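The structure that follows is given in the form of structure tokens.
Chain nomenclature is as follows: A, B, C, D and E, assigned in order of appearance, with residue numbering initiated at 1 for each chain independently.
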Amino acid sequence: MARHVKKRSHKAGLPPGTPVHIGERKSETTRVKLMHFDDDQVTERDINAPDEVRALRQGPGVNWFTITGLHEIEKLTAIGSAFDLHPLVLEDVFNTDQRPKFEDYGEYVFIVLKRLVNDSTAPEVMTEQISLILGRNTVISFLESESGIFDGIQERLRANRGRMRKLGADFLVYALMDNVVDNYFAIFEALGERIETLQDSLIARPAPESLRTLHALKREMLFLRKSVWPLREVVSALQRGDSPLIQNETRMYLRDVYDHTIHVIDTIETYRDMLSSLLDIYLSSLSNRLNEVMKVLTIIATVFMPLTFIVGIYGMNFHHMPELDWRWGYPVVLLSMLGIAGGMLLFFRRKKWI
Amino acid sequence: MARHVKKRSHKAGLPPGTPVHIGERKSETTRVKLMHFDDDQVTERDINAPDEVRALRQGPGVNWFTITGLHEIEKLTAIGSAFDLHPLVLEDVFNTDQRPKFEDYGEYVFIVLKRLVNDSTAPEVMTEQISLILGRNTVISFLESESGIFDGIQERLRANRGRMRKLGADFLVYALMDNVVDNYFAIFEALGERIETLQDSLIARPAPESLRTLHALKREMLFLRKSVWPLREVVSALQRGDSPLIQNETRMYLRDVYDHTIHVIDTIETYRDMLSSLLDIYLSSLSNRLNEVMKVLTIIATVFMPLTFIVGIYGMNFHHMPELDWRWGYPVVLLSMLGIAGGMLLFFRRKKWI
Amino acid sequence: MARHVKKRSHKAGLPPGTPVHIGERKSETTRVKLMHFDDDQVTERDINAPDEVRALRQGPGVNWFTITGLHEIEKLTAIGSAFDLHPLVLEDVFNTDQRPKFEDYGEYVFIVLKRLVNDSTAPEVMTEQISLILGRNTVISFLESESGIFDGIQERLRANRGRMRKLGADFLVYALMDNVVDNYFAIFEALGERIETLQDSLIARPAPESLRTLHALKREMLFLRKSVWPLREVVSALQRGDSPLIQNETRMYLRDVYDHTIHVIDTIETYRDMLSSLLDIYLSSLSNRLNEVMKVLTIIATVFMPLTFIVGIYGMNFHHMPELDWRWGYPVVLLSMLGIAGGMLLFFRRKKWI
Amino acid sequence: MARHVKKRSHKAGLPPGTPVHIGERKSETTRVKLMHFDDDQVTERDINAPDEVRALRQGPGVNWFTITGLHEIEKLTAIGSAFDLHPLVLEDVFNTDQRPKFEDYGEYVFIVLKRLVNDSTAPEVMTEQISLILGRNTVISFLESESGIFDGIQERLRANRGRMRKLGADFLVYALMDNVVDNYFAIFEALGERIETLQDSLIARPAPESLRTLHALKREMLFLRKSVWPLREVVSALQRGDSPLIQNETRMYLRDVYDHTIHVIDTIETYRDMLSSLLDIYLSSLSNRLNEVMKVLTIIATVFMPLTFIVGIYGMNFHHMPELDWRWGYPVVLLSMLGIAGGMLLFFRRKKWI
Amino acid sequence: MARHVKKRSHKAGLPPGTPVHIGERKSETTRVKLMHFDDDQVTERDINAPDEVRALRQGPGVNWFTITGLHEIEKLTAIGSAFDLHPLVLEDVFNTDQRPKFEDYGEYVFIVLKRLVNDSTAPEVMTEQISLILGRNTVISFLESESGIFDGIQERLRANRGRMRKLGADFLVYALMDNVVDNYFAIFEALGERIETLQDSLIARPAPESLRTLHALKREMLFLRKSVWPLREVVSALQRGDSPLIQNETRMYLRDVYDHTIHVIDTIETYRDMLSSLLDIYLSSLSNRLNEVMKVLTIIATVFMPLTFIVGIYGMNFHHMPELDWRWGYPVVLLSMLGIAGGMLLFFRRKKWI
């Protein structure tokens, strides 16, 4: 549940725009790295004093600031004001319980994404918030932890692979978003396999543990759905929006990210349908089993109750029971009981119970 | 139910615009307080005669009137006409069974919100209606009771924390709305924990009381949903509307309130999904238990019915039953019964019943 | 069912615009009453000849014609043509199986509403159709029966209470609609109480009669929903439409009626959700009870079957059963059976069955 | 199923516009009848050679061609080209597995409707496709069989009842559509009565045959829904479209057809809701019955198992059973068994099982 | 599952636009065929060097390139750049896990379709991706395998049947799409027959295998729905779009494809409804059967338990049991037991259990 309801309530009553970090503390110190690139070269450096930022923002080429760790509020607030960010933007960056969103502040656009993390230690998928700011020639990315998610892109920039060095800040933002969305596919392939396994085990044998797994997967889907659905609007707003910060060439690429997002949403809805269908299978299997159990009971009872009654008759102690003295009384009774049992079984066979 | 259906019917037949108080009487007397502030200073006073209001409305700075207690209809009607409020506005203020709404009357905008109250004495969440009126330099807030919900904002105004004293009446209205919405999070965290607890107890043991709790929570959700969903439209209309009373700067902040509202609605929908899922778990667990119970019964009956039949046979009083005279008759029967019982149990084991 | 499917089929094949009365005959004769009012005075009279109408339509002030009883087709057709009404309007007035609707015919607007009637003699809510026509200075209301629903408004006009005499024909139409919608609240309060009672009795004891009540309430909701949902569009079209017959001041009041309609629709949806939830409770309670019953059966069978088997053993007539001759055989068997029964009960206690 | 999936597949691979008849052969020969009318007169004749058509299209008055039987492809194709119909129109006319649709081809508009037929020989409602073409002064109606559905309209034209002869081709098309939709009401009244009957029998006694009827009605609804839903768009497109072929006066009448269509759709949705509700009733009744059955079983078993055990005790053959020798042993045992049975029954009464 | 989740994850981290083939390898080599046609003639040839393409693109007439087999990435990339295709287009062509889509790149439009394949070897419907590019006078179709799906169209072009040689590249694209959609009908007829068969077997006898078939069909529907639903938007966008590459005449034909798509979607939704309805039937039948089984058990137990008790009484060994010595004791007991059994059976008959 902790995943579903982050403690936002301690913010109640504070003035709006107050930067408060909400979420798990995933990285102890806040690091700011700058990657400056243009057509010709790439330079990288660490930034320690927020004021350095102001000087760096002028000049040609693209500046990509990566800020990792969201706990040192004062330091981050200082950085924020060095970038002239609106207090609400900073508040949203710190509050890691945001839905994915896109906001156009004129000078810059602000994008919140969710990275899905499925590490091997926990059965559940976790999210990590990634905030992106795209300004003129500037990209700022806020990460909760050092996850190395953008290492590939940095590598490509250094190696000058692809056209990223040529295409400017908006294409970099596209590449970052594409990276985040592409990572979803791996998560969903894993979930798909878990659903597949569950289905096989449910059809083979309906067990209460399967029900628990089913319920856990359903909650997982609810949670992921909440993280992914709004993304659709975000990418769509970015692609169709009229911000001059995004060039037409990049919009074409954003359409591609949009397609991927729709694909992920489709997958979530398909999985949800499959899971409800599995619940139906589970319940029907339970009903089926009950029927089987009851048939066994009924057959046994129906065969043995009349027989037990008959042997009871000849166990009575009446003085005048002529059958008891007959020579063939005992075998006749045994045989007639055999006949009764056989008749019962025939009856059940005709009813297709056995 | 009282909560769901307030007695509106006694209004039927009255002329429209007739001010009638609908709802519980939560505060005995009606108090009007004025907080006047501008960049430089804050003054606070109580207002007793409605006519004072008229004089106070001119002049620079922002006048924030807080009216608590909605029962003294005549006094409130007098105040309303001192503010030149439309009769329909007054009617809505008094009728505390409103949905959240936003109406633009040109000279002023009228906003109805619902505060959620979850006091420790009752298990259910109650609502209290808060009506806000934003005019030029004037904010009027109507409260059902002295709940102290806006104390923090008054404190901030007095201490001149944040920029509220600078930003005018529309920002004050934003701050009041933000306050109300922020309070929702605490309510929903508490509900989330109740759902969590319920889920744990349902998985451990399906009991009829859990069903009753589940049903109560479902009704709670229905009720909260009705109070929160319309808020979305309210905030959206306020933010996107073209009222000159709201400045662009404030609209940006309202977008933030809108995001929070969406977040709350998301949470409600997630909780509703979780509750339906819990009902499924409950029903499946019941089915499961029935299966378990029936298996025990069937195993017992299947093992003991044939045995009882066999001992019945040798309890018959036929004169000619050769087995009865055999030396080893008794032990042979005992052993063969043991064999039959063992065979049955093997059969059930193979069927995975035990 | 009669309520759900009125016999429309006998209209099939008639030319369009043919006036045929569809519905129950609720009032034997058709009466036309005129209430003429302006700022200064109110005059009332009965109208017998349709031609009188034509003369009366000119002149200042508002003419409100109330026509009660929809069976005298010829008379009504004559009245209709005296008012220059389109044949389709007359057809709709006579056919009391209409959905609420709004149609703008330029010279006049045509509104169909449904009044809900819950008289004490029948458990079901019935509807009665009210058709309103708003022309320049003219309001015509067609009623199925003399229900006295508009008595209050007539009283107010006579007494010159409120501003109705000043505000013209469109405000009168608003007042009539408001009256009809306000009456819904009483109906829904009664329904809400019936649902509440049902819920209490369902939780206390699931009985087949409750199921029947539940089903009846569900159908009631289906029926009411059909009558109320379209009203939303009707009021919205009226309020937002561009008919010059409706003044801006009145539109503001219509917004209020719209809010009430939304409130009623909300209530219907909430009730529907509550009723489905009650069905879930009912089914779970049944399952629960079955579990209880089966547990009792299983416990009894599990305790007594082995014991009956044991006493059967010592009822066998073998000649060589050493136990039978033991001095303490009988008490030992009794005690061991006591032990077995106790063990079973302990087992069930540990399984939490008892 | 034949009704649900008509064999369209054998069309796959043919060039588009290839006229192939899909559907049941309902009428052996293709007949073309012309009804020419204007204000003054009506003339009727049969047309044998397609070329006659071309000549007849000029001149004043309205030409209404009725083409019955859709199997003689060559003849119909010749007629189609005589009318200058687009190949796709002809293809749609022949393929009787169309959804209702409206297409504006500029020179003419093309309308596909579904007539519902509920003849007494089959329990199921069948559809028949009616295609209408409205050109300048020309109406062409394609019917699958001689059903006499438009006889009433022809009669009215001949008798000059109503204003049809005055109002032109578009009004004729309206009258034809109105006729088709009006026929729906009779079908739905019959269905409503079947649902009513089913409900009564379900509440009285849940039997598997009722389930089968319920399922058949559900499929019926699915099928009808598919035929009627698209009609809404068709009529709306026709009414709101800007085709110059339709006069404003006629649009007003089409609004009336639209209302009827909405009414039919409402009825279908209500019926669907009622049918799901009936399934719930059926399932709950089954559960209820199972509970009843199990209670009987449990009461019998609980009363007789202990008693059988007791008599078993005194049937044991131990030599040392002092009770057996007691004078009042037998009556004491009988009385104590009576006491046990009575106690059990009291217990069940307190549990409200009996 | 393999069908549902194709391995996209190994693309994560690659630069956008990187051509990677995703999907099964269905054809080993990549073949490029050109069909050039104009009004007068058709020429066909194989193309081996991508550069040939460039030269061929000029000149009158329509060039239709068919590229089969999507594994030779280098070759295809060369072809792609010879056609000046955007890297994202090539990426989408290779990634056969696309949703159907339509994208307008100005110079050309890009369409992705899904062909449904239901070969006799597998019970499941598979999809194959078909990508179409429509440029000025050029059509490029990318196929996964040599399926012969477009053979009919090639034949028609060669034979100059229909007007295809006259109508240009956009009509050819229409014909290809129409062909793909027409193939759907055969698939859905087959599915409809499987559902029909399932229904018959479910009503006759609810068996677990039917449940499995039902579940498989439901998944099939989920899968097909995902492939077909987006097609609606694709065709609609193509038909209503403003691309100059598509002539008005062709748009009319595309409206026809749109109708077919809607028809297919309708069919899918109907099938889904039918399948849920079948699950209801299955569950109700199970409940019904359980009731039957339990009735048999209860009748047997209720008849024989009291009788067994009675014979047990007279099997007791009390010394003082006067009945045992009566002359007619035995026959009296037998007769009274017969009476009890008869009474029980009468009771069950009155309860309508037998």
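Here is the rule we go by: a residue touches a chain if its C-beta (ideal position, glycine included) is under 8 Å from a C-beta of that chain, and two chains touch if they have at least 3 such contacts.
Since we're looking at a predicted model, the values are computed, not measured.
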Common touching chains of chain D and chain A: E
Fraction-based call for chain C against chain B, same above half, different below: different
Intercentroid distance (Cα basis), chain D paired with chain B, Å: 42
Separation of mean Cα positions, chain B and chain A [Å, integer]: 26
Chain E, residues touching no fewer than two other chains: 283, 287, 290, 294, 297, 301, 305, 308, 312, 315-317, 321
Running round the ring (origin chain A, first step to chain B), the chains in order: A, B, C, D, E
Chain B - residues contacting chain A, complex: 152, 156, 161-162, 164, 174-175, 178-179, 182-183, 185-186, 188-189, 192-193, 195-196, 203, 252-253, 255-256, 259, 262-263, 266-267, 270, 273-274, 277, 280-281, 283-285, 287-288, 290-291, 294-295, 297-298, 301-302, 305-306, 308-309, 312-313, 315-321, 352-353
Partner chain D, residues of chain C touching it in the complex: 1, 4-5, 7-9, 11-13, 15-17, 86, 88, 91-92, 97-99, 101, 103, 105, 205, 208, 211-212, 215, 218-219, 222-223, 226, 279, 282-283, 286-287, 289-290, 293-294, 296-297, 300-301, 304-305, 307-308, 311-312, 314-317, 321, 323-330, 333-334
